[in-house]
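Several structures are given next for inspection.
In what follows, chain A forms one complex with chain B and a second complex with chain C.
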Partner chain A sequence: MTPLLELRGIDKSFGPVQVLHDVGLSAYAGEVTALVGDNGAGKSTLVKCVGGIYPVDAGQLLFDGREVHVHSPRDAGELGIEIVYQDLALCDNLDIVQNMFLGRERKNGLLLDEDSMEELAERTLSELSVRTVKSIRQQVSSLSGGQRQTVAIAKAVLWNSKVVILDEPTAALGVAQTAQVLELVRRLADTGLAVVLISHNMNDVFAVSDRIAALYLGRMAAQVRTADVTHAQVVELITSGRSGDLGLKNGVTP
Partner chain B sequence: MSKVKELPGEAIVTAAQAPSVRNSLAAYVQRVRGGDMGSLPAVLGLGVLCTVFAVARPSFVTAINFANLFTQGAAVTLIAMGLVFVLLLGEIDLSAGFASGVCAAVLAVTLTSAGLPWYVCMLAAVLTGVLIGTTLGTLVAKVGIPSFVVTLAGFLAFQGLVLVLVDEGTNISIRDDVVIAIANRNLAPWLGWALYAVCVAVFAAVQLRRAHNRAGRGLAADPLSLIAFRVGALALVAGAAVFVLNLERSRNPALVSLTGVPIVVPVILALLVVWTVVLRRTAFGRHLYAVGGNAEAARRAGIPVDRIKIMAFVICSSMAAVGGIVAASRASSVDPNTGGSSVLLYAVGAAVIGGTSLFGGKGRVLDAVLGGAVVAVIENGMGLMGYGASVKYLVTGSVLLLAAGVDALARKRAAATGLR
Partner chain C sequence: MRAGPSQEDIRRHNLGALLRHVHLGGPISRAELTSRMGLNRSTIMALTSDLTAAGLVREELPRETGRAGRPSLVVRPESARVYVFAFDVGPDRLAAARVGLGGLILDRREAVRERGAFELAELTAVLAGFARQMRRKAAADAVCVGAAAAVSGGVRKDDGVVRFGPNLKAEEVPFGEELARRLGLGLPVSVGNDANLGALAEHSRGVGAAVRDLVYLHGDVGIGGGIISGGHLIGGHEGYGGEVGHMVVNPGGRACGCGSHGCLEAEVGERALLESAGRYGGHQGRDSVRAVVEAADRGDIVAQEALKRVGDWLGLGVANLVNIFNPEMVIFGGMLRDIYLGAAAQVRSRLALHAMAPQRERLRLRTSSLGDAATLVGAAELAFANVLSDPLEVLARAHA
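Entry: the complex of A and B
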């Protein structure tokens, strides 16, 4: 099976500091790939390279088997790669529909086509079985953290995206809301999207992911199937870059 | 759609929002309690002020004074309508008052010295506004100078510019009939009623059509009772206003008859409708709210934030130009003080009293009109009570502070109740 999104040999430096060394990553359609790693391991940098915010120094980005070049967030969006950043980027003073279509409003001549936007937003939310919002004309300011995350994810899904990358979606959420968002993440993959989930939380990772990719000090320590590893092994990969036969040999990708 | 309908999420997404008169009222009360008061303070304030003045000075409730309110408040209201766009971004334009003065001076100079026809002169005045707005907006958005400083500089510089235009302080009188008519003549009574009928009919048609379209798509639509209530309320208030304005208000009707809706009223109405449609129904308006709410989110959504900011300043200064034209028309002259003294603060006050937030992201053009009415009533009523400029300034300053305080407290309350 070809990965939908594949990175090969990505290098990235900020001045004298090399943040990513020869990083490879594969994400498959219909699966959740968890990207784990300690603070400063390079998870966010890697995601921003994919999203076109940072240019890479070396390496290839393959989308559905063919090499592509992403120079801006717009390029990424056109390929079908959507990234939900930690701060969500929602406008509090707009309602859910307005936020979901922000910057890509549907128009009817000069005027906005509110009705068709509302219809599509409603359909997208119900396809994701979102049933926690009272009305999709509610202002985002009145939503809870979990609901905001849901709206941000639905916004990413609205655009026929194929790859959705979520940066720590549960970091600021309570127990019940975390469960809701994880359920949503799983459902995204089940509808055929390739989902990359950045997370610190081992429980979340084991709850929803199919594969785990562990970054250690800017190197990809290992990519494994979630079913093949234990909690303890993943923690070892995160903290020391190796665990038994898995991981880096002498600090270098084998 | 049929597949989607069966999903469990659907029912709950729409169930709670079926609107009726009662639900809408309940939702409104909840919003107000949550700190989102909109124009409620302005409407209540208007009621209180009118009652007080009516009791203290019976001459306040005469047809002639009612008509005066419109012509007195028109210029400030128009400037405030433009200011709403800048305030929505969380910015401020302190130069709007003197920008209107500059544009009025351009109008006067082109009319008198150059002797050009009125439409050319008005166009020149509005284009001057566009130029001022482009300059201010570019300095704020592209160079990155805080709008407070840019427009404070404009406030001083435009004062000088007016002096240059009117030759260091002469008073240029305007004799063009069309320009003078704007703030000094009235519509024929039948025309007032015709305009009234068209407005109510169009409002009703738009509301009905929207409800029909939404119901056709299976979206929650306003019920007929709610639409009837809105249309009825508009018909009643506007009808009463037209009726009073069509009464004879001349002191000596045998000599000269004075009836009809002042021409500034349809001018304000037309601009109110245009700008409301721009804000509520176009992508530009949506993006303006987005930039005011969260500029970073807007930028990431691909919205050209700088361009939106410049446009807001252009609209603000152009509306200041329109306000300047009306002010020049009302005074039939332009002098160095046109658009000066309290005009700017009255305009900012009008927008804020109406419910536009100084923090950005919240406000409507209608706010400026309601707030403008409050300011006009204060000015007019205090004048009738025989108070001088000192008391007027003190009261208007306090009202502005009160409105800004209400805005800030509402924001705090909203944060506490989780609505913002």
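Entry: the complex of A and C
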């Protein structure tokens, strides 16, 4: 199976500090790939490289098997890569539909095509079995944390995206809302998207992921199938870069 | 030797098969039915017109096809006209629903059940009362074509007697017969184990639709299970199959309500979780389980340990089931949804350690998509079974 998104040999430095060393990562359609690692391991930097926010120093990005170049978030969006950042980037003073189409509004002549945007927003939310939102004309400021996360994810899915990258989607949520977001993440993959989930919470990772990629000090320690590893092994990979036969050898990716 | 099927048998089979497509798949065009059922167009037309005449389906022009040519008629289930009653008897709740053909829940009633002795008369009176209320609100020309109940216990498939139900304190209770008498609809009430019916529900309308091999685990006070293998529910010789909650995972472990020790239910059930969390004796029920998961999330170490312990045992149980049945999917329903999401690291670590590689490689673990309605939806499917196997006959009887 060809990965839908594949990174090879990514290097990235900020001035004298090299943050990513020869990092590889594969994400497959229909699967959730969890990207784990300690604070400062390079998870967010890696994602920003994929999203076209940071240029890479070296390495390749392959989309559906062919090499592509992403120089800006717009390039990423055109390929079908959507990233939901931790801060969600929603506008509090706008309603759900306005947020979902922000910057990419549909027009009917000179006017906004409110009807078709509303219909598409409604359909996207119902396809994701989102039942927690009462009205799609509700202002985002009135939503709970879980609902905001849901809207941000639905916004990413709306654009026929093929890869969705979620940065800590459950970080600030309570148990009930976390459960709903996890189920939503799982459904995204089950509808055929490639999902990359960044998380610190091992339960969240084990609950929904098919693969786990562990970063350690800017290097990819291991990419494993979730079905083949234990909690203890993943914690070891995160904290020391290796676990038994898995992981880095002498500090480098074997 | 029995002769081959008669023309009438074939017609009945085809009518049932067509109705099943519409019931489970929703509105569908005649053209689509033709290709899915592998019958020719005129046969499909004859079958749909029979079902239409009987008032089970109706045909409509599609709203828009976006294609040239005469559009194929869309066949829809008559959800408002043809319905069943579905009941659910759990340790903490009594529920009833009026469910239309096509699986639409038209109306629903629920009451809290106090944990205590199984009072057959009182309980069936409540459920029959719900049914009467819902029937009054139904359209005048609506027909009830079946009734079924999900019960948390072991049910004999022949006569709907609840043989054992430690969490309901039920033993040898003629539940189906009594509920049918109270309902007075002239219809028998089929009875099934709640987790078996939950499995059926997830298999026909939930996260496991299109999955032919699945294990559904239902957590309430105890742990129930339903196993679907090759598209069929494993009921066993007399209907008691799938009692995965009484699979022994820890011989010499905690005492179980069934009289044994170390059953999965004894190690994973509500009591085990609450006791390990030092909360037994206070509140019970689903909310008390959620409270432990929430406390663990907030950093309560005792609750975290309790959840880990329960997750460990659950993972061990699932590993055994995965080794034996090689399911494509394991579904966590009832309170096990909360337990799984809160202790997935333990559950999957156990799977990695104890399930064999070929069985676990492509296994998918999912939470129930029907949630609290799973058992009720399953009961409705059981109630629809007769009309789906012989649509015209059942309808004729209902009208008589």
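Criterion: the second predicted complex is superposed on the first by the 254 of 254 C-alpha atoms of A that agree within 3 Å, B and C clash if a C-alpha of one lies under 4 Å from a C-alpha of the other, contacts with A are read in each partner's own complex, and residues count from 1 in each chain.
Assume contacts are C-beta pairs under 8 Å (C-beta built on N, C-alpha and C of every residue); 3 or more make two chains touch, one makes a residue touch a chain.
In this text the structure is predicted, and so the values were computed from the model without any measurement.
S.K.: Look at where chain B and chain C land on chain A after superposing the complexes, then choose clash or fit.
M.R.: Aligned on chain A, chain B and chain C fit with no clash.
S.K.: Under the stated touch criterion, which partner chain does A:L90 make contact with: chain B (first), chain C (second), both, or neither?
M.R.: first
S.K.: Report, please, how wide the angle is at the C-alpha centre of chain A between chain B and chain C, in steps of 10 degrees.
M.R.: Spelled out: centre of chain A as vertex, angle of 100 degrees.
S.K.: Looking at A:M1, would you say it contacts chain B, chain C, both, or neither? Reply first, second, both or neither.
M.R.: In the superposed model, A:M1 contacts neither chain B nor chain C.
S.K.: Based on the superposed arrangement, let me know which partner A:S129 touches: chain B (first), chain C (second), both, or neither?
M.R.: both
S.K.: Where does A:L111 make contact in the superposed view: on chain B (first), on chain C (second), on both, or on neither?
M.R.: first
S.K.: Spot which of chain B and chain C makes contact with more residues of chain A, would you?
M.R.: Greater contact footprint in residues on chain A: B.
S.K.: After superposition on the shared chain, which partner residues are touched by A:V17: those of chain B (first), chain C (second), both, or neither?
M.R.: A:V17 sits against neither chain B nor chain C.
S.K.: To be precise, I mean the smallest distance between any C-alpha of chain B and any C-alpha of chain C in the superposed model; what is it in Å?
M.R.: 8 Å.
S.K.: Under the contact definition given at the top, report the residues of chain A touching chain B in one complex and chain C in the other.
M.R.: Overlap of chain B and chain C footprints on chain A: residues 129.
S.K.: Under the definition above, what is the set of chain C residues touching chain A in their complex?
M.R.: Residue positions touching the partner: 290, 293-294, 297, 337-338, 340-349, 351-353, 357, 360-361, 363, 365-367, 369.
S.K.: Under the touch definition given earlier, write down the residues of chain B that touch chain A in their complex.
M.R.: Per the stated touch rule, the residues are 1, 4, 7-10, 12-14, 16-17, 213-214, 217-220, 277, 281-283, 286-287, 289-290, 292-294, 296-298, 300-303, 361-362, 414, 418-420.
S.K.: Which residues, counting only chain A, touch chain B once they are in their complex?
M.R.: Touching chain B: residues 73-74, 85, 87-94, 98, 102-105, 107, 110-112, 114-116, 118-119, 122-123, 125-131, 133-137, 139, 141-142 of chain A.
S.K.: In their shared complex, at which residues does chain A touch chain C?
M.R.: These residues of chain A touch chain C: 129, 174-176, 178-179, 182-183, 186, 202-208, 225-232.
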